[in-house]
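Letters A, B, C and D mark the chains as written, and numbering starts fresh at 1 in each.
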């Protein structure tokens, strides 16, 4: 019992550590792929780690008008994102604390991080901060209903909202590929793009005021605070990639009782899938242009429509099955 | 039975306090708040005892209409609501104790405060239609008087008028509801009603009437219009009571009728509450997001929360009609928990708004800002309230939200296609509401408390007295504890759940930890707030430790960067209106006919450019303004009858006579 | 029995004819004359009832009808009209033709209503009653289709004639005399008011100029 | 001798009227007036406590005793109110002192006549009593001799006279209907006998009679469209008379109507009076509710409110059945007490502000807090707010209507809500806001208004079982 407990605890710790470790790499892959496709040299794959390290070693400048909230927010945001990322089954489905938060709670944890970030953006009292915060919250109102529909489809299929349970279900029934799930996948990808401030919703590399969202909120941050926020955004990317993998490509994932060997295989598979996903993201980002902010409802609306269609089709197929 | 005596004594104390305050003047008026606080504690303790120990207390007083009597009954449902109410009364009384004894007290408010509290408690105790409506209307009347306390303001008077008229409409609807339940023979006692379930036709009418009656008091759109006017018009601690607590009494009324008196439900009863609830939830928040008055935003947010609760109740009805007890329990638990949670954080927020109003003298967001520096404690409490109401974990708002989503996720398991197809829409709209709530409260908090002060008053705000901080702090603490230990609260609600839907949630032993909240079963859905909070705490402490060790620790203060063009004027900050702009563009055009217009003078013209926004409240325009005008126009037309000549009056008389005679000729 | 019935029926019929005559008149003086004729007929009818029903007290009623309504009031009103100098022409709201048509319809209505009364001891009374009802309705009609105060008063008095006719037609009804006296007082008040307030035109314009402006609640 | 108690409620007022004609000086007159009214009230109470009798001349049963009790009580409180009120009117010179002797005598005569109408066991005597009372109020309405009051009195006089005539024709018809069964003479005009013999009467005559009675007495009840005299008479007469008109005279007329309804209900072949009463009640209720919005004179406002409530009461009796009849009786009692209380308050207000124009009455709660509270409570009471008795009666009327005819119940509810909107608007306008204009202190007595409010309050919270049992028996008599 105790040995088992320690092993389980270690596995959970591994996941927490792994997501943190892989995150900058995944971002590096995205950037690298984009650079290569644009025929640029591009930064090295490990540039993410260097960025963080650089930021950590710089002095932090805090605006005069900032309050304690401004300084406390980065570590909280980071912690919330990190915990959320650690709760998504990555290499194994039955990790020790997977049960603590289901997919609804997971989305809410990210929501809490987002709200804190938006508040932090408004703390200094500049026009850019407010601009970023207001747009961020608007995008969230578009993405969350779509996310809810996706969750509903999954819950309908798997009969549970625990991510591990959904993953187990799809591992057990790999052939259950249905149109509804395909639609959900597209919807989830769109939501993930919106949530991670990726093109076409936002451009993480620009500081053009008309189009900024995420960057506008964190404009006043520097030094270690900025490092934490950047790290949090890396983690979020990993989280969503893991989520996509967990839900739609769970093959290779170790079941709860797999033991060390199974976990090792699962870990390799997960990292591989993650990096592949990151590469795909890079390809996507170079092949599409950033949208105007107020065209976003249409774009994210597609996710909503697909999510809704997915459910209706799921009802239909259930009707056929029964 | 002795418990009922305690309740009676506490209610008596409240009435006594009201009577006392009606005769004393000046600082002595402050006496009502300690009395109200003590009475609230006594009432709450009795309620808690009844809730935890189970059992039903009844009494019959020989007052009221003799053929009905005045039946009192304290069962688990009313005990639960009693806790909600008296918690709010306690907090607002504490806040009231911090009011300035010279400036703030007035015989227009203090005598009515305990009366209002007593009336709300009496509604819960009522066990016959007369006692119920009597207390209900007394509650409206007392709160009306509180709304018009600032009687020299035309806004207060308008709000009061609209409020009491809407309350009267609601009461009329409830009179119908109880009339239908009681039947032609007049069995007004709830026991009699329970024994004789009405037929399906009557049940529909009763349900509709109950929805109108309770919806108008609770603020279901389109019956909400009074609420954002009346709640802010009252003194802040009364606003807290009206918004945080009185709306719950409305919900109690609906639950009492729909789940207790009306007998076994049909599945489609659930549709009106769900549809109205969903509309209310989303529209309420959109109203809130577009509004620029702190207290009105909070009032609109109350509208939203009432909508959410009605959705949960509707789902519970549907599940119950389909005999899916576990799912019904989840939906009902969501409703009950949200009722409790909302009473906490909405009271907290209104008290916070009161603190802001007291400190700055303004409640328009355009004049606030930077209060986190001048009112640090209030800012912390308000932040907790804002995050709670945005349904963010690990605070309490999320617990009920989570349960609600779980019940929506279970809706496809019902056999009715309508409900199946509705479930994704419900889920999506609730998610939209949740996201909008976050946006709304980020906006409120960001504009009012963060940033830089936008007015002199805000720049010189001051913290409120300690006792008021205690009131807010207590509520904030409840929000945190309720978030962490929601499972414990839900376990405590088991008697209510069993009484209303036949079963409770799985008990806490079924989950991985004693504090796991479980919907259906542990394999299906679990939310364990303490574990997550622990994780977050560990993660942030680890982060802090690591960052502390690894990083450069120096921090420098300097002017804001702002892309290199910082402007010292606070007017360059984002305002409440500009924050709402993205949402207005996305949602406002269709629902509010939002129009933005820019007047840009040509180069060389020295006039300033002007930007203006117009929003049209379609509900108000069609359902309030138009009928109001119609009544006035019709009354103008009819008024001609006041100025007829005597001969014409004789013509009327003659016509009446001849018509009646003709009818008598035709009829046999 | 039959001649008793015939005679009272005849007199009631004559009264109805005079009611139509009231509506028909174009000049106030002739209206007053027609009214005097109706009142005298009433006095005859009441006297006949008093004799046939063997109720001597009804003779008082007959006497009042004859003296007050048959003679004094018509004469007084004649003088008033002359003295106030109000137009001799009857001011009409609707024309004579229409008024007569409506009157016919009302008479028909009264008949139709009392046709439904079961045959039996009531049937004699009911025919008398139908005539009385018609007279009342015609009097009422007179009040509302004529504008002049004097014609309106006449309309009211004609209504009252119908009432007395009905009351005396009801065999053995107590209090008829008292009531007829009471009505006479009422009528006297009416006429008195016309004198005192110098009502030139119609009921609505008591001769106080302000009244027309400020009737009721108008600003 | 004990069952001749009824004589006192008639004789005391008439004797007092004679005495008052002889007495000079308004102070003595006022005192005698109060004492006489008090004695009448005591006699009324004695009658309530005594046994129910049906005599040759008089009838005292469970039904009319309700009316007698209200009548003598409100008469008593109004006499107290008018003592101080009229004193004030003389001081301000609105009334010449020599009119006051006349006023008090008339007041007693009017009370006596109403009591005659109530206790008489004869439809003719009742008619006479009611008409005398009406004619006296006509004179009282014209008391101020302003052009407005004379016009109001004149309008009242004409419309009431026509109403009198029509009601008399109805009375003749009832006699004719009763004659075959009861024989000629007095028996066919006796309430108690008529009610017993109703089944043998000719239905067609009864139908006809009821129409005339409804129009005739309905004019006095103030049912629309026969109501035209009522608002002006209330507005232009002295306030105590407004209180008596609204609180009592309307009731007495209603009493007559209901008695006849009881007779007609005894003949199943006759047309049911219910639907007609329901229709007229609703028309009055809704019409008056709309009229409230355009009122500029505060007394006229509450006069229309009386029309509205009489409409509701007639509606309730039209619905019939034990519960609705009970509610109708209760509402009638509550309306009498509350409305006369409101008129007392309005009298104070008019004297305090020196005007009856609503627009010129503002901010009373600042200048006259007690008066404002009393007025507000009274208006809220008449709007059917708890804890007052009107709430109880409206509750019963509406619940029972809804239980029987759900769709029909919407109409009275609509009317009441429309009326509530208007009354609340006026209430807020008068008691709230910045005070403007004159603000004289109120010297008149608050005792009557407090008494009325206390009674209405008590009725809302606690109705003695004995009272209810009595009302229920009365309701049963109504069928």
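We adopt the following convention: a residue touches a chain if its C-beta (ideal position, glycine included) is under 8 Å from a C-beta of that chain, and two chains touch if they have at least 3 such contacts.
The shown structure was predicted, so the numbers you read here are calculated from the model rather than taken from an experiment.
Asker: Which chain maximises the distance between its CA centroid and that of chain D?
Answerer: Between chain D and the rest, the longest centre separation is with A.
Asker: Distance-wise, how many Å sit between the C-alpha centres of chain B and chain D, to the nearest whole number?
Answerer: 44
Asker: Between chain B and chain C, what is the separation of their C-alpha centroids in Å?
Answerer: Result: the chain centres lie 68 Å from each other.
Asker: Compute the distance, rounded to whole Å, between the mean C-alpha positions of chain A and chain C.
Answerer: It comes to 98 Å between the two C-alpha centres.
Asker: So how far apart, in whole Å, are chain C and chain D when each is placed at the average of its C-alpha atoms?
Answerer: Distance between chain centres: 31 Å.
Asker: For chain C, what residues touch not just one other chain but two or more?
Answerer: 113, 116, 140, 143, 203, 215-217 - these are the residues of chain C that touch more than one other chain.
Asker: Tell me, which residues of chain B touch at least two other chains?
Answerer: Touching at least two other chains: 642, 646, 650, 657, 661, 664.
Asker: Going through chain D residue by residue, note those that touch at least 2 other chains and give them in order.
Answerer: Correct list: 154, 158, 162, 166, 207-208, 231, 294.
Asker: Okay, what are all the chain pairs that touch?
Answerer: A-B, B-C, B-D, C-D
Asker: Could you please specify the touching residues of chain D with respect to chain C in the complex?
Answerer: Where chain D meets chain C, its residues are 124-125, 127-128, 131, 135, 147-148, 150-151, 154, 157-158, 161-162, 164-166, 168-169, 172-173, 175-176, 179-180, 183-186, 188-189, 202, 204-205, 207-208, 231-232, 235, 294-297, 300.
Asker: Please output the residues of chain C touching chain B within their complex, sorted ascending.
Answerer: Its residues touching chain B are 93, 106, 109, 112-113, 116, 137, 140-141, 143-144, 147, 152, 202-204, 215-218.
Asker: Give every residue of chain B touching chain D within the complex, in rising order.
Answerer: 62-67, 108, 129-130, 133-135, 137-138, 141, 148, 151-152, 154, 157, 160-161, 164-165, 168-169, 172, 175-176, 178-180, 182-184, 186, 188, 202, 205, 631-632, 634-636, 638-639, 641-642, 644, 646, 649-650, 652-653, 655-657, 660-661, 664, 667
Asker: Contact residues on chain D for chain B in the complex?
Answerer: By the definition above, chain D touches chain B via 154-155, 158-159, 162-163, 166, 207-208, 211-212, 214-215, 219, 225-226, 228-229, 231, 271, 276, 287, 290-294, 321, 323, 363, 365, 380, 383, 385-387, 391-392, 394-396, 398-404, 406, 409, 413, 416-418, 420-422, 424-425, 428-429, 431-434, 460-465, 468-469, 472.
Asker: Spell out the residues on chain B that touch chain C in their complex, using ranges where they run on.
Answerer: Touch residues, chain B against chain C: 642-643, 645-647, 650-651, 654, 657-658, 661-662, 664-665, 668.
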